[in-house]
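Next, two complexes with chain A in common: one pairs it with chain B, the other with chain C.
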Partner chain A sequence: MRITDSPRSDAWGFFRLLHIIRVLSRDKLFVFGVTVVLSLALLSIAAPYVSPYTSQGYGEAAVPPPSCPGVPTEVAGVCPPSLLHPLGTEILGRDLLTRILFGIRTSLIIGLFVVITATAIGLFVGITAAYIGGWVDELLMRTTDVFLSFPHVILALVILATIGPNFYSVFIALGAVWWPTFARLARGQALSVKSQNYILAAQAAGVGRFGIIFKHILPNSIAPLTVQMALDMGASILAEAGLSFLGLGIRPPTADLGVMVFESTNFITTAWWYPVFPGLFLFLLVLSFNLIGDRVTQYLDPRLAGK
Partner chain B sequence: MNDLNVGAYLVKRALLTVVVVIGTITITFFLSHVVPSNPVILLAGQNPTPEQIARLTHEYGLDEPLYVQFLIYLRQVFSGNLGISFSFSLQPVLPLVLQTLPNSMTLGALATLLAIVVGIPLGVESARRTGRKFDSLMRIFSVSSVALPQFWLGLILQLIFAVYLGILPNASYGGSLLFFDMHPVKTVTGSYLIDSLLTGNFVTFVAIAKSMVLPVLTLALYPIGLMIKQTRSSVMAALSQDYIRTARAYGIKEREVNYRFALKNALPPIIVTAALTFAYSSTLGVIYVEEVFNLAPGLGFLLRSSTGTGISSTGISGALDYQLILGLAIVVGIFYAIANLVADALQIYFDRRIAR
Partner chain C sequence: MEPLLEIKDLRLVFSTERGILDLFQGLSLSLMSREVLGIVGESGSGKSTLAYTIIKLLPGNARILSGKVLLEGRDILSMKEEELRRIRGKEITMVFQDPSTSLNPVFRIKDQMLTVVKENLGLQGEVARKRALELLKQVELPDPESIMNSFPFELSGGMQQRVMIAMALAANPKLIVADEPTSSVDATIQTQILSLLKKLKAERDFSLILITHSIAVAKEVSDRIAVMYAGEIVELGKVETVIEKHLHPYTEALLKSIPRPRGKSEMKRMLPVVPGQVPDLISPPSGCRFHPRCPYAMDICKAERPPYFNKDGSLVMCWLYSEER
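This part shows the complex of A and B:
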């Protein structure tokens, strides 16, 4: 190990990670969260290959619509759960389970993109502020404050209204408003890393500015952000569904849980399965991410949990 | 510690509020100019000649450099001119938003009240029983409440209470879209619930109140979870202090120790949560709830109309009402800024040390 290497490169970090996983694997809620997230992710990835209704998942209407006796004609196509359609069918006669699994794909992809974009912007802003300091720090952090004191989703809504709702605009809009929390965290972390001895050693050894930022400050600032990423996966998935529910997010024919809930509002008195299932899966997905984040936070900071 | 400090602190916070508001306006302005969306085309009506477009472009200052446009925009906003709405027969935006605010604020206020009344006692009990069954139940409840999509929760409550049990109205103020044609309410404050009470119209009041039960419940669940979490953590911090041990040693009743000593000292962060809950519930939360329960007029209804997906008799259907959306965003931004300021002031009232 050279003197300018940061301490993360030794094996200790790996064993610490193993230890964290071992402790958390005894936590029922954490295990529940991980299990649900993994199984929903796997199911939604596998959906196009195993579902008998793949084309419906991509948006094609069912022709002819499934017929179901006893259902009033004005809701033709919306059939209750049966063996062929375990969760029933929806407004265009499509299999609800297939649509939901494809909707989870949309949620996960957008959640991932939003969180990664937000982390990247946040790291850039936070580390720049911490490393340069002075008026740059002041300016960047006050800007962050303005963004923080303003409800994310309203801003995303304005952006979406500006660039028009579609798949890409949703994560541009959410990514653009989601970074302030990450910027704050990254700044705090970068500030504490900046004054460590190994940074001073690296500076003394003549490592340049960018070398210090990319080889030392950046890798050591990312770790604490991972918990926030898990928590924000849930929150951004929820925000995306909300925007889509309002008609400003994903547009049909792309499957989306928020859009499905919106479309189901007219069927509340006639088809209970239609509003219930898409929202239930959305809730489960968000809850699981939040549980993972919550348990890890609790583990890392037991003061919040008491004893 | 004297009142001068408190005054100076409040002035500082107020200035910060102004900065936030200007920041908000700046963001909305630059957003609206990133993409060449041309409001002139909408204003000019059908088949405009190039001359008409050029004239209108000049009239609205759209041919000026960006910073000049920004200054014009800033001056307009501060004089209360937020533009005109295309989806509401070219009415000015600001009065349009302000008219709908009382109804939305009533929903937000009731939800906040519910969150305080239910959330604080549950939070205190949770803090007293750390690590026990009740505490972990409350923990699961608050994590779940954050994960519940409000727009879906509203539908589920409708399904249970209106469709299956049939004990509460499904949607709309008073339970039907035609309600106000049959039971007109004189406008005093602009909030149906308060106006019907003020004008002594009790039958109407009861009908409106009944139709607001489910929306308020939907709106309140997430704040209740938040309140439990916040109360729990700040009461727990207070309970570990020496003066609590002293109070217990003096034989003061447990109930009094918890509520009069611990809770009182734990209040400042709880108040901030309450103020932000109010801001959230009256703006963003209410948008979803009004949509699900078909409550109009309100912010949600305005937003719906502005995105071109709502029903508006005079609107150009399918077209975005851009000025209205920007206006809504600015009003919401100011609402949040004021709520933050009020929270700061209340915090100081309960704990003067903060101003130091």
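This part shows the complex of A and C:
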């Protein structure tokens, strides 16, 4: 559910946001989500400094490959969890935990970038449409509709297939398909802000067009988008992992959870740890972002109030 | 003496979904420097639209058919956006009806006051802050320091309106247009705001246009009163004349409908109201727009729009005062 569904969404302000955070700090699922996201983020940021296998995290193969006699997968350097490698090793003999933490970095960077780009483009398009109105509004919003009519991932696939897969293509492709939701949200909010008295008062006080947009409309339109950002973090991380799984996203040697799950497909029957751990961390990360967004949305929905 | 503001032959049309709405019908008005003009009328009589016309801040569906708004001889209605910005907030400022929504909710009073002071007076840093504090003191706000650090929602309606007035005063404007400044605050605050306006008026050099639906409020502060009905000024004169020797039947009806303390025997009597409703301006009544509600309506009222007649120094748009009668 998008927060646009909530009739209360136009009564938004910075203080409502603060108040909501205070109330939500008593919500167990919300706190769980925030805790998991924060600790995973901290761990992944600290990864190069705490992992004994930092170079493997950046993509170097393990030399020599770890040996684990008795395990049928030893040809590939895939070893089960041990004291040296708590989550086991993967196809090039690299420490899976290290790769996963570096993979979470990739996920978070891309998620953040996609969401921030989408917010920036969305705010620009939405506020321009709302402020100027008329045919500009029509043109921008119909273009937005065109983008919205494709499923995000399909459109991203098309873009990636056109420009070729690499680290930056994923940013571009996902950023380009993610903004329409934000544009709609920003337009709705900007329209309601635009009709507020303080906009009229500012105009009467001789504030120019840019002053109205940047000092009055923009700061008052941002609040509902911040929630959408939390909601879309999970979705965009999942989309990126999916694209990488298909080979159209992040390419090795950069660590990526989607790529790891793809590489593990040959070992599903022989090395359970190889698909399970990257998948588990991806699951935890996306779940936590969704929990955060979901709890906030629920809180905002008056139909669910008091439950 | 040259008037500060002169409205000449103003005519506006609004295109709405239901049709064309014709407003002001060649309205003319002038305002002297330091004068307070009260504009009184029911909702929908066009008084707020008149206020917005003065600073050319009209909705997109409004078009100016004819007329001039001259501020010291310069025509505001023919100005470009850039010139308008130099007038708005500097030479002419506005105070709005609902102070709780007229301040930007995400910024502290400090930020909003300082922007106004810096933009309009070119002051910086500590000097600007001192000036802002001084303005808050002038509008009789207690503890201006803590007000500066408050967000708008932390202030009461009366305090917010005082802040709005302080901001309107910041640039030493020649004219302040107050659009129902007391309509959304309670009666005690209303009296306080009115006496504040009176006090400021005595201390400083500005003209004031006070728009209100209450003739009692207008009486408090105005030098002259203009009574508006259905987009036209029907009576314009000195306060005493309008209140005591009112000419137009609509003014008479308005004055009768002011609630006042009465004796016990009269308590059961209904408060007199103006019968009927404000006409739909898309298809206004023929002739005099007040004739369907007027107790003195004559044949000519239905047929012909009355011109202004001069009587006892007042202008009145009513056939009752025609010489030929």
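By our rule, the second predicted complex is superposed on the first by the 279 of 307 C-alpha atoms of A that agree within 3 Å, B and C clash if a C-alpha of one lies under 4 Å from a C-alpha of the other, contacts with A are read in each partner's own complex, and residues count from 1 in each chain.
Just so we're on the same page, contacts are C-beta pairs under 8 Å (C-beta built on N, C-alpha and C of every residue); 3 or more make two chains touch, one makes a residue touch a chain.
Since we're looking at a predicted model, the values are computed, not measured.
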Next item on the list: Identify whether chain B and chain C fit side by side or clash on chain A in the overlaid structures.
Entry: fit
Notebook entry, point to check: Between chain B (first) and chain C (second), which does A:Ala255 come into contact with in this model arrangement: first, second, both, or neither?
Noted result: neither
Checklist line | Cα-centre angle that chain B and chain C span when viewed from chain A, reported as a multiple of 10 degrees | finding: 100
Notebook entry, point to check: Is A:Thr143 contacted by the first partner chain B, the second partner chain C, both or neither?
Noted result: first
Check: Which of the two partners, first being chain B and second being chain C, lies in contact with A:Phe283: first, second, both, or neither?
Finding: first
Check: Who does A:Leu291 touch here: chain B (first), chain C (second), both, or neither?
Finding: first
Check: Counting only touches as set out at the top, which of chain B and chain C does A:Ile159 meet: first, second, both, neither?
Finding: first
Next item on the list: Check the superposed model and tell me the shortest C-alpha distance between chain B and chain C, rounded to whole Å.
Entry: 19
Next item on the list: Mind listing the chain A positions that touch chain B in their complex?
Entry: 29, 142-143, 145-146, 149-151, 153-155, 157-159, 161-163, 234, 238, 241-242, 245-248, 258, 261-262, 264-265, 268-269, 272, 275-276, 278-280, 282-283, 286-287, 289-291, 294, 304, 306-307
Notebook entry, point to check: Contact residues on chain B for chain A in the complex?
Noted result: 16, 19-20, 23-24, 27-28, 31-32, 34-35, 37, 130-131, 139-140, 143-144, 146-152, 155-156, 158-159, 163, 170, 233, 236, 279-280, 283-284, 287-288, 291-292, 303-304, 306-307, 309, 320, 322, 325-326, 328-329, 332-333, 336-337, 340
Notebook entry, point to check: Tell me, which parts of chain A touch chain C in their complex?
Noted result: 13-15, 133, 196-198, 200-208, 215-216, 219-220
Next item on the list: Flag every residue of chain C that touches chain A in the complex, lowest number first.
Entry: 55, 57, 60, 84-90, 93-94, 96-98, 101-107, 115-116, 119, 151, 153, 164, 167
